[in-house]
Amino acid sequence: MTFLNFFISGISLGSIYAIIALGYTMVYGIAKMLNFAHGDVIMVGAYVCFYMVVRYELPPFLGVIIAMAVCTMLGIIVERLAYKPLRQAPSLAVLITAIGMSYFLQNTALLLWSSNPKVFPSIIGRGSFKLFDGELSVSHITALTIGVCLVIMAALTLFVGKTKMGKAMRACSEDKGAAQLMGINVNATISLTFAIGSGLAAVAGALLCSAYPTLMPTTGALPGIKAFTAAVFGGIGSIPGAFLGGLMLGVIEIFAKAYISSQLSDAVVFGVLIVVLLVKPAGLLGKMTQEKV
Amino acid sequence: MTMRRLINLKRVEARRIYLTYAVVIVAYVICQVMSSTKFLSSSMRGMLVPICAYMVMAVSLNLVVGILGELSLGHAGFMSVGAFSGVAAAVLLQGIIPFAPVRLAVAMIVAAIFAAAAGFIIGIPVLRLKGDYLAIVTLAFGEIIKSILNNFYLGVDSGGLHFSMLADTTRLLPGGKLIIRGPMGISGIQKIATFPAGAILLFISLMIVFNLVNSRSGRAFMAIRDDRIAAESIGLDITKYKMMAFVTSAALAGAAGALFAMNYSTIVANKFDFNTSILILVFVVLGGQGNMLGGIIAAAVLTILPEKLRGFSEYRMLLYAIVLIVMMLATNNAEIKDFISRFNPFRRKEEANS
Amino acid sequence: MKKVLVCSLLVLAMSASAFGAAFKVGGTGPLTGGAAIYGTAAMRGAQIAAEEINAMGGDIQFELRYEDDTHDAEKAVNAYNALKDWGMQVSLGSVTSKPAEATAAENFADRIFALTPSASSAAVTEGKDNVFQMCFVDPNQGSASAQYIGEKGFAKKVAVIWKNDDVYSKGIRDTFVEKAPSFGLEIVSETAFADGNDTDFSVQLTDAKEKGAELVFLPMYYQPASLILAQAQAMGYAPKWFGVDGMDGILTMEGFDKSLAEGVMLLTPFNADAKDERTQNFVKKYQEKYGEIPNQFAADGYDCVYAYYQALTQAKATPDMDAETLCQKMIEQFTTMTFNGVTGENVRWAKNGEVSKDPKGMVIKDGAYVGLD
């Protein structure tokens, strides 16, 4: 039973990584860019949600919607000001700009909302489902997170697979130049990707802070890196891969803490990541692209 | 025709190398004179050694990112290995080598050896991967090194060296001394790092990197960077060359780590985290990949900048972020670059020549 | 919120200069980054004290300046050097332990006296005759906690959850674990966490629960502690909780469900609910100015400036003295004087810079501190 309980804790943690990783992987898949500011957009989303729910006493659902709207706007502005001018620049330049953006968001949050940690109100309460006479418990927030992950995954897969915009996205991801020649507005497509990714970040922020309810300007930074790891683990660019990678990373982390050493759990997690990448160099579900001569 | 262009290219390259050396030497002399005539504020004087260390870090990472063309996100890990092994060596040698500059030099060599060994071990799995996957694995190794050093204990007593993991079980004899104390790092370090030592290390690093880049191996590095498959098809041993660049880079980072650590009385593993790796990457990218002088200047500018922004009190780091973004846009956006180069007579001449 | 800060700095500088020369007091602390809350609190506490003293219009006037060190030893030395260029005469060291170790070495070399509000690791003062602490040193907190738990008979079986990459947490944990057996405590579970895996504590709590720990000792700051309390409640684990001074502040987190902290015990030198006039005045002013209840960092910062006030007055120091002269005078004063502040009565300092004051055992009842004794 302890084992199963740890497994469930791992899934809870992993579902949070997964939902953050979805945003990472989507932007990477289309724009081929590691958006290191993603974690900080999550933090902004969580703060907006916090203020809506606690200060203006709106229902949590509405809070999340407003946070999504704000983050989508933020994503569009950030993309327009900082990433779009670098469309032709080497990818490393964009990476560094994203890091600058991450510092910018963190420090803006520090000035606006102070460094005092805030306790996030759970968007659905702190109850849990009890199984086997209460031996096992799955908190509502975990169930919700996994549900939301699945919905987002399905929606993204459908959107990318079936709609015209989605087709344009895939085309950009395959070959920007050819897509342009086919009359696709590459710039607009990439901007749209950022908007969607940022909107997802707001949802991730609300769920992250509902599950682990303290909120600080640096809240997004470390989960962001973990989620990035999860996205690579599952095969970056692959939407189901991000989900699987997130869940597995969470489970591995909890098991490493429980059965190996709570002091070395990070080393174990990253060690497993390395082994997986050596066996499957493109991650669990990533596509291995063969380089052509 | 082709031959002449090649010779020309060589000349441009050589001019760039001599320019780099010249700038470093002139800057050193100016700083040294200003420092000894008390013209330099304590704030600037205090930053001389860390700036040297960061410059060496930028040069060494440039070898991997700029010359070899692989993204590394865990470079601070090597700095960390160097810092801890270097300081430990310096503590152990305290009685044996009383003359501090020699002790510092030996410590830096020890640090370079340990970091090179770490680079070799890490290089075996890392160099089989490519692109973003290689980047994430270097990030992972950086985190693993941090995690291990946070749990590592090293002590010395009359019975020799003792180490343990997770908890301090070294059981030192009376009179023994615990050097590395897990999460508490190393305390009470003798501050023997000096600005001239830093400048010498930077100079040596530049010589090593330039010699490597302009040798047969260096041309192999660039061939691999520009077209891996073509390089492989003409029989270049890719893994060997990649490993060579990676290990050299790690060794230099280790020496820089030792220099850095011995400028402060205390050091912890958490200092060398992902953020520090990123900071060094920023130096390289901002200075221009493969451009050693650019990286060196970027290291100096970005280290001094947050200090000069202190007047803005709590808006300081916000401004730093904005400046960083603007600098990246200015150096990488074609339109803005064109616009700036119009005001740069030096650049125009160069373009006319080419 | 933040604009008050700039204004207050300006006002401070002006009010100080209005009365002629003032002592230049400088300190470094994390004002940005993940640890910003501690530095900001200490700075604000010190500012209130300096304003109060300057408003009295006596001979001792302060000009206070805090520089950001982002909780990093390298940046702390930079910040210290910037303060030195400004002309700092006496120093408030650094707020957090590792940066304070680095700046303390500089203080020692430059002969600038330092009184750190809250840097509690033993290495801060070790081997330096001019560096003093306002807070308990970590090892003392560890042994005092073990003694308190043992002597009051709160529990026999104890679990410890500590932060594996934090000097403060590690320092307390080490002496606690070492001293626990001599007070009849058995450590049945010991688990750790670190930055980056500090959100989920199910493993640590399950371990403590399964090994039958009656009391869980939490040598850490209140932010992770609040997560631990919430997760323990969710899994239906209700041991006794015992914290250290870093736990102070948990009740003032915006949105915190105070019932989670019901029954949590902690050893802390400061209690914002204390009824004495000094504390009430300080808490009231802090709240008026910053809209928050001060935590122990703020209280330590406040006391530091008052301790300087007392020492400088007794030493008949004047602002035209140089740092080295003041350093000598301060060493004489601090090793002999007795100080009463918001973090303790009859506070005295040993020659090595360690403070001796009585830790107050507190328990949280109905969302407020109540004395344990």
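By written order: A, B and C. Residues from 1 in each chain.
Assume a contact is a pair of C-beta atoms (placed from the backbone, for glycine too) under 8 Å apart; a residue touches a chain by one contact, two chains touch by 3 or more.
As the structure is a computational prediction, the values presented were derived from the model and not from experiment.
J.: Taking each chain's centre as the mean of its CA atoms, which one is farthest from the centre of chain B?
T.: The chain farthest from chain B, judged by C-alpha centres, is C.
J.: Contact counts by the stated rule: is the higher one at A-B or B-C?
T.: Result of the comparison of A-B and B-C: A-B.
J.: Taking the mean of the C-alpha atoms as each chain's centre, how many Å separate chain B from chain C?
T.: Those two chain centres are 36 Å apart.
J.: So how far apart, in whole Å, are chain A and chain B when each is placed at the average of its C-alpha atoms?
T.: Centre separation, chain A to chain B: 31 Å.
J.: Provide the list of chain B residues touching at least two other chains, using ranges where the numbers run on.
T.: If we look for residues of chain B contacting two or more partner chains, we find 143, 146-147, 150-151, 314, 317.
J.: Find every residue in chain A that makes contact with two or more other chains and list them.
T.: 107, 110-111, 225, 263, 266
J.: On chain C, where are the residues touching two or more other chains?
T.: 2, 32-33, 164, 194-196, in rising order.
J.: Provide the residue numbers of chain C that touch chain A in the complex, in ascending order.
T.: 1-2, 32-34, 36-37, 40, 164, 191-197, 199-200, 202-204, 206-207, 210, 223, 226-227, 230, 234-235, 252-257, 292
J.: Write out the stretch or stretches of chain A touching chain B in their complex.
T.: Touch list, chain A to chain B: 28, 34, 82, 85-86, 88-90, 92-93, 95-97, 99-101, 103-104, 107-108, 110-111, 225, 228-229, 232, 236, 261, 263-264, 266-267, 270-271, 273-274, 277-278, 281-283, 291, 293.
J.: Help me check something: in the complex, which residues belonging to chain B touch chain C?
T.: Within the complex, chain B touches chain C at residues 41-43, 45-47, 50, 143, 146-147, 150-151, 182-185, 187-188, 191, 260, 264-271, 306-307, 310, 313-314, 316-317.
J.: What does chain B use to touch chain A in their complex?
T.: Where chain B meets chain A, its residues are 65, 71, 125, 128-130, 132-133, 135-137, 139-141, 143-144, 146-148, 150-151, 166, 228-230, 233, 274, 278, 281-282, 285-286, 289, 314-315, 317-318, 320-322, 324-325, 328-329, 331-336.
J.: Which residues of chain A touch chain C in the complex?
T.: Touch list, chain A to chain C: 2, 5-6, 9, 12-13, 16, 50, 54, 107, 110-111, 114-121, 126, 128, 137, 139, 211-214, 216-218, 221-223, 225-226, 253-254, 257-258, 262-263, 265-266.
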